[in-house]
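Labels for the chains are A, B, C, D, E and F, by order of writing; each one numbers its residues from 1.
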Amino acid sequence: MEEYVKENRNENMQKYLEKAQVLIEALPYIQRFNRKIIVVKYGGSAMVDESLKKRVIEDVTLLKLVGFKPIIVHGGGKEISKWVGKVGMEPQFINGLRVTDADTMEVAEMVLGKVNKSLVQMVEQLGVRAIGISGKDGALLKVDKKYAQGKDIGYVGEIKEVNAKILYDLLEKDFLPIVCPIGLDDAFQTYNINADDAACAIACAMNAEKLAFLTDIEGVYKDPEDPSTLISELWVEEAEKLMEEGYIEGGMLPKLRNCVDAIENGVSRVHILDGRIPHCLLLEIFTNRGIGTAILHGKESRYYHGEQ
Amino acid sequence: MEEYVKENRNENMQKYLEKAQVLIEALPYIQRFNRKIIVVKYGGSAMVDESLKKRVIEDVTLLKLVGFKPIIVHGGGKEISKWVGKVGMEPQFINGLRVTDADTMEVAEMVLGKVNKSLVQMVEQLGVRAIGISGKDGALLKVDKKYAQGKDIGYVGEIKEVNAKILYDLLEKDFLPIVCPIGLDDAFQTYNINADDAACAIACAMNAEKLAFLTDIEGVYKDPEDPSTLISELWVEEAEKLMEEGYIEGGMLPKLRNCVDAIENGVSRVHILDGRIPHCLLLEIFTNRGIGTAILHGKESRYYHGEQ
Amino acid sequence: MEEYVKENRNENMQKYLEKAQVLIEALPYIQRFNRKIIVVKYGGSAMVDESLKKRVIEDVTLLKLVGFKPIIVHGGGKEISKWVGKVGMEPQFINGLRVTDADTMEVAEMVLGKVNKSLVQMVEQLGVRAIGISGKDGALLKVDKKYAQGKDIGYVGEIKEVNAKILYDLLEKDFLPIVCPIGLDDAFQTYNINADDAACAIACAMNAEKLAFLTDIEGVYKDPEDPSTLISELWVEEAEKLMEEGYIEGGMLPKLRNCVDAIENGVSRVHILDGRIPHCLLLEIFTNRGIGTAILHGKESRYYHGEQ
Amino acid sequence: MEEYVKENRNENMQKYLEKAQVLIEALPYIQRFNRKIIVVKYGGSAMVDESLKKRVIEDVTLLKLVGFKPIIVHGGGKEISKWVGKVGMEPQFINGLRVTDADTMEVAEMVLGKVNKSLVQMVEQLGVRAIGISGKDGALLKVDKKYAQGKDIGYVGEIKEVNAKILYDLLEKDFLPIVCPIGLDDAFQTYNINADDAACAIACAMNAEKLAFLTDIEGVYKDPEDPSTLISELWVEEAEKLMEEGYIEGGMLPKLRNCVDAIENGVSRVHILDGRIPHCLLLEIFTNRGIGTAILHGKESRYYHGEQ
Amino acid sequence: MEEYVKENRNENMQKYLEKAQVLIEALPYIQRFNRKIIVVKYGGSAMVDESLKKRVIEDVTLLKLVGFKPIIVHGGGKEISKWVGKVGMEPQFINGLRVTDADTMEVAEMVLGKVNKSLVQMVEQLGVRAIGISGKDGALLKVDKKYAQGKDIGYVGEIKEVNAKILYDLLEKDFLPIVCPIGLDDAFQTYNINADDAACAIACAMNAEKLAFLTDIEGVYKDPEDPSTLISELWVEEAEKLMEEGYIEGGMLPKLRNCVDAIENGVSRVHILDGRIPHCLLLEIFTNRGIGTAILHGKESRYYHGEQ
Amino acid sequence: MEEYVKENRNENMQKYLEKAQVLIEALPYIQRFNRKIIVVKYGGSAMVDESLKKRVIEDVTLLKLVGFKPIIVHGGGKEISKWVGKVGMEPQFINGLRVTDADTMEVAEMVLGKVNKSLVQMVEQLGVRAIGISGKDGALLKVDKKYAQGKDIGYVGEIKEVNAKILYDLLEKDFLPIVCPIGLDDAFQTYNINADDAACAIACAMNAEKLAFLTDIEGVYKDPEDPSTLISELWVEEAEKLMEEGYIEGGMLPKLRNCVDAIENGVSRVHILDGRIPHCLLLEIFTNRGIGTAILHGKESRYYHGEQ
């Protein structure tokens, strides 16, 4: 009987030692990103599925606790449409484009605010100090009105200035900032901003070490029809060429555009990750498993020295 | 002709000199409240009327700019009811008491968030750094579930802890904090909090110099039927006695209770102001006009030395 | 009877509301000059008339309290002559120029010291922290001996170096510095300095936002004989031209020279104000009344955006 | 073929996800010990076996990187005896006790210094800032001469004062301090100190959250002959009683004495760990596996809330 | 010839080595008073004789440079009487006491101001940052009117409050503060203060390590007629007894009173030094030569451990 | 009898006054080097003779106490050879060059560590905070392997990087850093470094005001055979020329090379001092006696303005 216990105990011990080993393997990564700013654009499926949501928040909270400086930028996803319907509003279109009129803007802001505070709540529950802000707080995001091919599509803004000092001040006070993409124009009117754009602008303004987009696809494909053409690493020039040559289509086009802009404006690395994989952020940062597509400055490998 | 100009000019000059005089008269008040914390509970008519709203925000912004440390705590007023209706929800009642079920809580949080950011927006437009937070941010407000005479009325919380460090950190970074009264219980569930209670708890936790309630009445009356019985200053013991003897009724009873609690827990002075008077905050602070009712520690006058 | 009271009360209320309005109108100005350095050259009638003196000190103290960083530079005016006489000294002249011999220098320093501390006293009485220094303290003002057209006129110095660090250190400790224009040469001998020159040199060394001269005239006239030719704003090039073309005469010539030098060496705006108008400093800063003459960088208006 | 790859890939993915899970499980522990001081007494087998040595250093470095404030106190173990022999010295004994004469002290200091810097070297290689000091640096450890039952045993010291400011200053500059147990008496003579005593004194002086002894046994046994009597947690009063009643013998007696002293002088928890288990420190801190013996303040469990 | 040079050189070398030895002997003293506040009351002959004056200033400047925090408090000595005469004023007396009327006060302030800045000048010339202030600056010295046995003797004040924060702020900015003994009453009127009283009050308010009075006598005598009765050290109780028993007379009585008060209010040691001995301050502090009289807390020797 | 005492006393007084005079003469030097970094290479006889050793430590400690920022870099001198012999090791040679194999390196590191802490001990005894580090601590000194004319001479390193931040951090915490010349290569292996090279590299990395080599000779001679050709000051170009023209030989050649490199890389002045003269450091710094050879930027005199 005692033998059995002992054996069983040894078995457990083995399990524990493996755990210790995992933590030790994280050492070089923890060290590399110490005090570095990492902007995470959070949206898509990872925001709808409660289980995935919990994992994303766990990941970002862990990054904070081990000494990184993450900032979350999130969208409102399908919640906005749901609530627009709920209050009985009719979507408007101009030339086939959805228009953000004053009423839609009001609902969108309410929904984004709700989502924002629910993320704060989850981070706080994990014992980390979070603060949920929009681009209005401290006038973080100043915008110009955006037109779609000359058409007025309402309160949709294009970022012209990020007041990075606000985020530095909050980071200094040890907050994990969670930002929803709403901005102010020069007349201090409310505008909706594309969340990808907001994440990109913030990452650039703060010279982030990493900008990670949590998406609903595996990464960039050479041929979207063929999953085997997933591209693991992409230099800026290659990305430009792919876009020029028409390989990139649909929603990926503006996203890749953002990635390239970010690299060209001071962000060290940009990642398009599959938010449907649990803990994709941790996998990207703490393991040498190359998930998704990494967009890089020319002529470097996504693997740091000594890795692979 | 020139005479006329001269005269006219002198007339203007007279007007300007009077303006200068007003500024000079503000000197001792600016000095007295330098770096002092002033909590303003903002609600009622002052929140509905756009013109009054603008004036309240101007007042608080001025207080910030001349060196005070104001904090706004606001409610959502009639907006919440409006939106509850808009989404087609039926109010629930238990023994005649309105119940905050999960759906109502969701709408209330959205509306409070919207109001919160609209106040931020107005302060920013006046050139002052504001930040809008709820009791979730930094887990500022921790609550216990509140029961109404033993009845479960849903997600209504009673504050048990204010994480004052959060507000000190934001004040240190020169933000004007604007707080909406939502809290978290130990399981990190969302709860609605009475805005008066939140303002009172925050003022106590920060040892505020002043706590001012913007209300829809002139102040405390000995006889609510008789406007001539408005009480200008009230010592804590007098207030206790008035409450015991049944002079105070209706909504004024919990409010006066809050005032007394605040004085007994470290706030220097509490004011019940008539939010319908434009710039009532400035009038209270910068002039010797005794508006509303001041609740004081025993045996002192509401007028500082040399005033009256 | 009660009606009367009510009416009377309303009338008072009206008066109070107007006061509140004045304070609110000051908002944008308070904000614009927040933490900005403003050097005030204080002399002339405003220094002799006790009532005007009180008003100047009130003005500067208010500027300090609402967050500006004023520095006063003062002369000794007629007090020096008075005391030189009192101790029975004979003024000396060389080619018609008054000479500051050692004895005169001693009396001048004593009188300036007395004036200096009396200003400190007035500011302290208004509850603001002042410190009275001369150019000796911290070797603030280093001078070379100055000659008048080659003639030795004694201990009269020309500033060659301002140790701005001294003033920054005092401002950082929240003092309002009050400076009397005495300096040290390389052998650490005492020298008298023209107060206008000292104010100008200090404003330049500290990149002041404003330099204001309180004088005994309304401002710069195109024709000093004709008050209607008062110039409200003057660009540096215009000022240079006026001086070249001989429109500017007498004591105004070196003063305007100082103004132009200040603008060319880092001061944003220079003002020649009529110190005989009570609260002229507040009028200049807090209202859109253009008093005196403003000397500006080319091609801008003295009115800020949105004003006038 | 592709199927195989996919399967294989999924298998890897599973492995990666398990790794992520381990990291996530560390979250509450990282959070609990954030900025807490943890003193590790490092000696015994863990210091001889190169592979164990590497693991101990990895553990401590990880603790540093995730935000704890570890301090290592180490002995010289068998290296001292080795070198004493190498230089041809004869050990001296008085009444059977080894004597630290001047020559032995010199060799001991040299060996401890060598061990000290070799630990620094290993930590630096892992990318963390280490500094190796003895009790001489900053006069960290002041001692009195220690006698063994009245006998003079040479330069052996008993700590009478820890200059904690030195360690706080080094922690503030983000160093991981590695301390060797040498001290100075009032005449600034060199003394050897027992490493357990040094670790205990330092942990007390710094109010450490944890003091962990890496030893060559599994923990405290009720009956040293019977491994099944290993005690998992021990309250101070129980430990006192065990010692009084003679259950504890040999080298464990002074060690347990140290543990109890530490708890009574401000250390929150003390652990006797089996240094022969790789990563025993991480196992103790990051898992709910109760390894070794925990000495606690009375009436609490070694498991924190929600654990076990 | 070369021999001669060599010899001569050796002789010089000897001289230099002796110099080095003196510096080395200063080591323990420099260390003991590092960052300690030392208040020096400067007056009497040491203030009249230019050569002595230079030496006092050199001494204090050296103290500053080697890391002490000296503060000079000075009187105006005979200069005031001289200038009162110079401007033709008649001294007034009430019951044989000199009266400080408004005119006398004005002259006294001017003279003290002049003396103050001349000391600043000398310190600056030695390359140390000095600042000359009176009790008006920062309202450093608040006084009550003082009466001489019930008689009104004009603007003579008794210190009731020292705003020590002012001096701490100036010390923090590395100034050597030089204070002249003028104060303000509650109505902000100017008052003259006895310089000994001012030095004593300031030393107490700052918990000075030392308070040194530079006087015109060798120290305290048991029998003023007999120089051989000079007392080298005096405990507080002894001093009290000497005063009670009538051994102390004339100007020494209030001075000794001040010394005792200082010791009883937080000053560690008080010294009555003979300002006529050049460098008496350095001799007292840097050598074990006991000059003057040291007033001490009971039962300690004026010599520190290891000295004498 | 009393006369005698008096006379004797006066004689003593004279001696004391001379001491005071010496301190006063140090004033300008103390002031000039306030907060300046001074690197002292300590080795040779000054390290062997206990009496000289004491004097060097006294000198450096005094420099620290009067406000300079000294850093000591020391070698191990003859101690290393002594211990290599003691443990019975045979020195190895390759082409006549001594080889630092692993065993030699181990002994060297132990000896250097012992010397290092003995210096710390002496400084601490004088009451100053010292810390003894090697180039391993904080990875202060990173090296490349050095070859002697292509031959492998073992673990001898050439500095390629000084992590100056480490020393700045320690200076900021008021430590006197004492550094022994051991470094790490990229694989974190231990290497021995020439102490002169280490002192030079550190002085350059910290832009030291002075770098002083304590040597066993008087200075640089034009003709080493003729002591009368000692060179008092040497401009960089002159030194280069002397080296080119072959005047400099033996051990002086690399030392002078170091001096020139230091001057060309940011050190203001370099001194070759005769460590056999007691207090040579103080003599060089506090007197105008030109001892040893000063290496200077071109065209300046070793004497500062006003000296000599």
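Basically, a contact is a pair of C-beta atoms (placed from the backbone, for glycine too) under 8 Å apart; a residue touches a chain by one contact, two chains touch by 3 or more.
Because the structure is a prediction, the values reported are computed rather than measured.
**Q** For chain D and chain E, which third chains touch each of them?
**A** F
**Q** Using mean Cα positions as chain centres, tell me which chain lies farthest from chain A.
**A** Greatest centre separation from chain A goes to chain E.
**Q** At the interface of chain B with chain C, does the proportion of residue numbers present on both copies reach over half, so same, or stay under half, so different?
**A** Chain B vs chain C: same; shared/all numbers exceeds half.
**Q** Between chain B and chain D, what's the gap in Å when you average each chain's C-alpha atoms?
**A** Here the centre of chain D sits 55 Å away from the centre of chain B.
**Q** Distance from the CA centroid of chain C to that of chain D, rounded to the nearest Å?
**A** Computed value for the inter-centroid distance: 68 Å.
**Q** Counting only residues that touch at least two other chains, what does the list for chain F look like?
**A** Within chain F, no residue touches at least two other chains.
**Q** What is the shape of the graph in which nodes denote protein chains and edges denote touching chain pairs (line, ring, star, complete, other)?
**A** Contact pattern: a closed ring, each chain touching exactly two others.
**Q** Under that contact definition the chains make a ring. Starting at chain E and heading to chain F next, list them in order.
**A** Read from chain E toward chain F, the cyclic arrangement is E, F, D, A, B, C.
**Q** Of all residues in chain F, which touch chain E in the complex?
**A** 2, 12-13, 16-28, 30-31, 34, 55, 58-59, 61-62, 65-67, 126-128, 228, 277-279, 282-283, 286-287, 289
**Q** Could you pull out which chain A residues touch chain B in their complex?
**A** Where chain A meets chain B, its residues are 83, 86-88, 106, 109-111, 113-114, 116-117, 120-122, 124-125, 129-134, 136-139, 166, 169-170, 172-173, 175, 182, 184, 188, 190.
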